[in-house]
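Two complexes follow with subunit A in common, the first pairing it with subunit B and the second with subunit C.
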Partner chain A sequence: MTGFTGIAVLCFLVLYAPLVPLVVYSFNHGSSLAIWEGLSLRWYYSAWENELVQEATIRSLVLAISAAVISTAVATMAALGTTRTSPYKGLTLVYALINQPLMVPEIVTAVALLIVFAVIRAATDYHGMAYLILAHTAFCIPFAYLPIRARLEGMDLTLETAAADLYATPLKAFKRVTLPLLWPGILAGFMLAFVISLDDVVITELVKSAGQDTLPTYMLGQLRRVITPEVNAISTVLLAISVVVVTIFFFLNKEKR
Partner chain B sequence: MRGDTDFAVQVKGVTKVFGTGAQAFRAVDEVSIDIQQNEFLTLLGPSGCGKTTLLRMIAGFEHPTAGQILLDGAEISHLPPYQRPVNTVFQSYALFPHMTVAQNIAFGLEMLGKPAGEVRQTVDAMLTLVRMAELRDRRTDQISGGQQQRVALARALAPHPKVLLLDEPLSALDYKLRKDMQIELKRLQSETGITFVFVTHDQEEALTMSNRVAVMNQGKILQLGTPRDIYDHPAERFVADFIGDTNFLNAQVVNSAGGKVTLKLTAGEEVTADLPGGVAPPVAGDSVTAVVRWEHAKLTAQGAGQLSGTLANVVYVGTDTHYYVELSDGTTFVSRIQNSRDDELTFSEGMPVGVSIESNGVQVVRN
Partner chain C sequence: MGEAQTKAPGTGTGSQVQASAERARKARVRAHWLLNTPALIILLCAASGPLFVVIIYSFLTPGDYGGIEWAFSLDGWFSVFMQRDIFEGTLSVADAHMSILWRSVRLSLLTTLTAFVLGFPTAYFIATRPRETRNVWLFLITIPFWVNLLIRTFAIMELIRNKGVINTILMSTGIIEQPIQMLFTDFAIMVGMTYVYLPLMVLPIYASMEKFDFRLVEAGYDLYATRMKVLRRIILPLAKPGIVAGSILVFIPSLGAYVTPRILGGGKNMMLGNLIALQFGQGRNWPLGSALALTLLAMVMVALLIYVRGVAKQDSGRH
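Up next is the complex of A and B:
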């Protein structure tokens, strides 16, 4: 089995090794990405002080939280509609439609949205956040949907039958039995959607109105000009947030059903 | 309109068909049964015989394709389960994993909107009834299978349903615990005075606990009666075969009069057989099936007894010994003899033997 261990180690190396210099140089005192000039939190401080970064961060969080909340609510309803109904004609098609964002190339969706939103912008003269929230909600839905559906499918249906047998109306059975048991799945779906929205670049770049940079698109903009370890510092923070959220997601999913 | 309220449940010509067209499956086929108040009634049959479907229709989880179900004389066939004063103990128990033992038991009462004080009192009474008071705050995954079983019972009994439905609730327990729970269930039924409808494929459970047993096969009730009726006077070949250990003998009717039939056994002599109620009297010359329970025949010397053959096999099973006799017509006949201390083995394999059947030991069944 040593051969397989070797391949596994190589895969992990390819996946994670490039992250090491990124994180290390975020703590570099100098402004070079290649010459180490001593340990410092200078670039973290500089990013913290940068008003553009502050704005982009707040926008990213507002966007990610809005998109995650809406997509999780929609995904929960979709998951109930695809697991708690007797199988109907076209159920497979419904699965496919819900998971569409996983199949359609992101750039295609982005271009399509760019065109549609351009028309709406021209007609309504509205330039707010709603475009981004709508677009992010749409591509977050399958990510929220999958863990919720998995949880629902793993749940013993007899529990809901038992609730009905014990005089619970369908609504009460949902509130007292289904929802509490589904909760870890909903949280997991929310966190996955949040992370996916937080680091989206392609759709955001094409859909955003002027002055609506999110953290990733701001960083992309910076990289086109001059590269400073400030970008490394922001990347490291984003990385840390993702690791924490995904770890919580992992433990939620692992929790006993 | 209220009908005859001597009956807790009346099932009238109920049919349940699953699927449509070529895949249609008649799970329950025009079944009618009147279940008395305070009765312990068991639906007994092999898996797929329709017993669970019938139970689920009384609970409201399935709706009949045809026919009516009445509860205390009122039609309930199309009410949803949460509007029926009927509770179920599920085979898998289906305890709510996010609630404690006490919260599980309180659930039905809370859904009925009972005041908090009454809920607490009833929950306490139920915990005492099933002897689980000290485990009230445990989570349901922290208690044993037998204890989960008791909680499931308490939860279903707490709202004091008109009828308690039990869907093979003992099948997940080991032998010793199952024995204890059989007695426990009988006690709970007499203490609460609630009508119990119990579903099982286990004949021993059915015979020990029930006031009456309905034997089902292929969606129909074949025979309904007290455990003694069912065991002593099976009316159908299937019933005789499913309950108890039974020999089937081919015979020809010599004559038939007043509930008694004289038969000529293909593998032996003429015997007098009982005709259970519900079996149409045969006429002379008819070919019929006669049944003899294993314990109603014993071995004798060759030439004595109504049957003769060769002793093929002797199987010792602790309390009893089973003697397998190959009869002259090729069928195998088994005799079960209870063992005692001063037995001496007088029969050995390969010996020609006779079989002596007790008087009233033979009867005719429907094929």
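Up next is the complex of A and C:
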């Protein structure tokens, strides 16, 4: 299929070309996104100095780390509870619940949470970060769960049985045998959850209390105004983070094979 | 449990062994449930549970400043499809909602089609590379997918703005005198969604082609099949599961898209996701918003059902 190669090349071009001006103009000295006025780090500096950006960055990181830690922990437990076992009653329901955030459109989950959290806000007068952390943890669970489960399915129970035969307590067997073997899966799950939480716009935008902007919702708000290359600078940094994390993830997975 | 009872007349030790095996099995199941519980609690609180609250809210009366009044009403569902003229009291189809619904479906289908036209040859290209380089090509497809959707949409916006890169280049070379209005059109939404969801089309098609025996294609040529025939009779049927999966993976997020139409479509060219969010913001009609959200959910479920049915049919056809 000779024509296919041409389309494939076009496809790769299409995927990467739009990102080029985005990155290039983040280094523009002028404030235009189309006219080049010389190389400078001015907009990186201005983003760095911007207090709103600083706050949003810290909030994004705190949120992504909390959500990733909690979701990876509970997803690891759930993976241990759902793999390497003969099917038991309710197992399908557990799968359905875990995968549900992948199937329901984000906007639907977002308004559902908006309603529930509005009720809780009115009742308790609490406006903190717990809402966002809970929401993010929930939609991160399937992403953390999948690589851990995949890893577990490739491990059979013989090593754990051997450990038990050698009088290891279940806890000891888990710590010394299961956990070290499972570690790459857990790390992969954590990284996926972290990136997914860091990237979220829709649920955060609808769930956040006033003044709780994360980096993506801050950027979304900026797009309504006159855009300066500052947004490009923030985008470029986020883009670099994503690329680095995915590259690490890629090599982690490769090692497994 | 039933097993232990029916075999009760056996020897005493035998039933004792069975009973203790049964106890061990029960303990294992209990341990598994304990392990699942924390994840399930979080998911029930912040994913599945709230969906039921949306169902309740869709049957209530809107409050004056957002929120709801606890009074049963079908108005939310009613106004998804119909509207009542304020002055004459006559009923008619809700044109605004219908046009947004239709735009969502139309643009999602167009997006799926465009992604297929670009994605299928790309998947084929990757699948026919030597084994060692395939992973690199795959990696190149995956990277943009992991870049924040907002950033990718923003990149498209900068490209097609009136003062954006494309218009600036075209105007400076004198091809056009006035910038072409591309931003805030349906076309822009379609381009943006195709751009952000394209990897979701390539990956499953590649997965279905990966184990493909390309000698079949050569055999087809040897038997004097034309290129179109080889494509239609050999490649497409074998890649079908991947094509269906990819189409679903592109169609579903497109249907519920919020960020891309908001940025590239502007306030006028709304899609369903934006209409839903609007009801919880300036619209101040939470029951209508809830009913619209459930309508979207129902459409997604129908698409998923068609997919599951199709897969089941294929599986049974194979045996």
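Miscellaneous remarks
What we mean here is this: the second predicted complex is superposed on the first by the 248 of 257 C-alpha atoms of A that agree within 3 Å, B and C clash if a C-alpha of one lies under 4 Å from a C-alpha of the other, contacts with A are read in each partner's own complex, and residues count from 1 in each chain.
Definition applied: a contact is a pair of C-beta atoms (placed from the backbone, for glycine too) under 8 Å apart; a residue touches a chain by one contact, two chains touch by 3 or more.
Just so it is clear, the structure is predicted and the values come from calculations on it, not from any experiment.
In the superposed model, more residues of subunit A are touched by C than by the other of subunit B and subunit C. In the superposed pair of complexes, A:L33 makes contact with subunit C only, with no contact to subunit B. Look at A:I248: by the touch rule set out above, it reaches neither subunit B nor subunit C.
Residue contacts after overlaying the shared chain place A:L179 against neither subunit B nor subunit C.
By the touch criterion defined above, A:T169 reaches subunit B but does not reach subunit C.
When the two complexes are laid over each other on chain A, subunit A has no residue in contact with both subunit B and subunit C. Residues of subunit C that touch subunit A in their complex: 28-29, 31-36, 38-40, 42-51, 53-54, 57, 67, 117-119, 121-122, 124-126, 135, 139-144, 146-152, 154-159, 161, 163-165, 167-168, 195, 198-199, 202, 227, 231, 235, 252-253, 255-256, 258-259, 262-263, 273, 276-277, 280, 286, 289-290, 293-294, 296-297, 300, 304.
Only residues 59-61, 80-83, 86-88, 90, 92, 94, 96-98, 107-108, 111-112, 141, 155-156, 159 of subunit B touch subunit A when the two sit together in their complex.
Those residues of subunit A that touch subunit B in the complex are listed here as 156, 158-159, 161-169, 172-173, 176-177, 180-181, 256. Taken in their complex, subunit A has these residues touching subunit C: 1, 3-5, 7-8, 10-12, 14-16, 18-19, 21-22, 25, 32-35, 70-71, 73-75, 77-78, 80-82, 85, 88-90, 94, 97-98, 100-101, 103-116, 118, 134-135, 137-139, 141, 145, 195, 198-199, 201-202, 206, 216, 219-220, 223, 227, 231-232, 235, 238-239, 242-243, 245-246, 250, 254.
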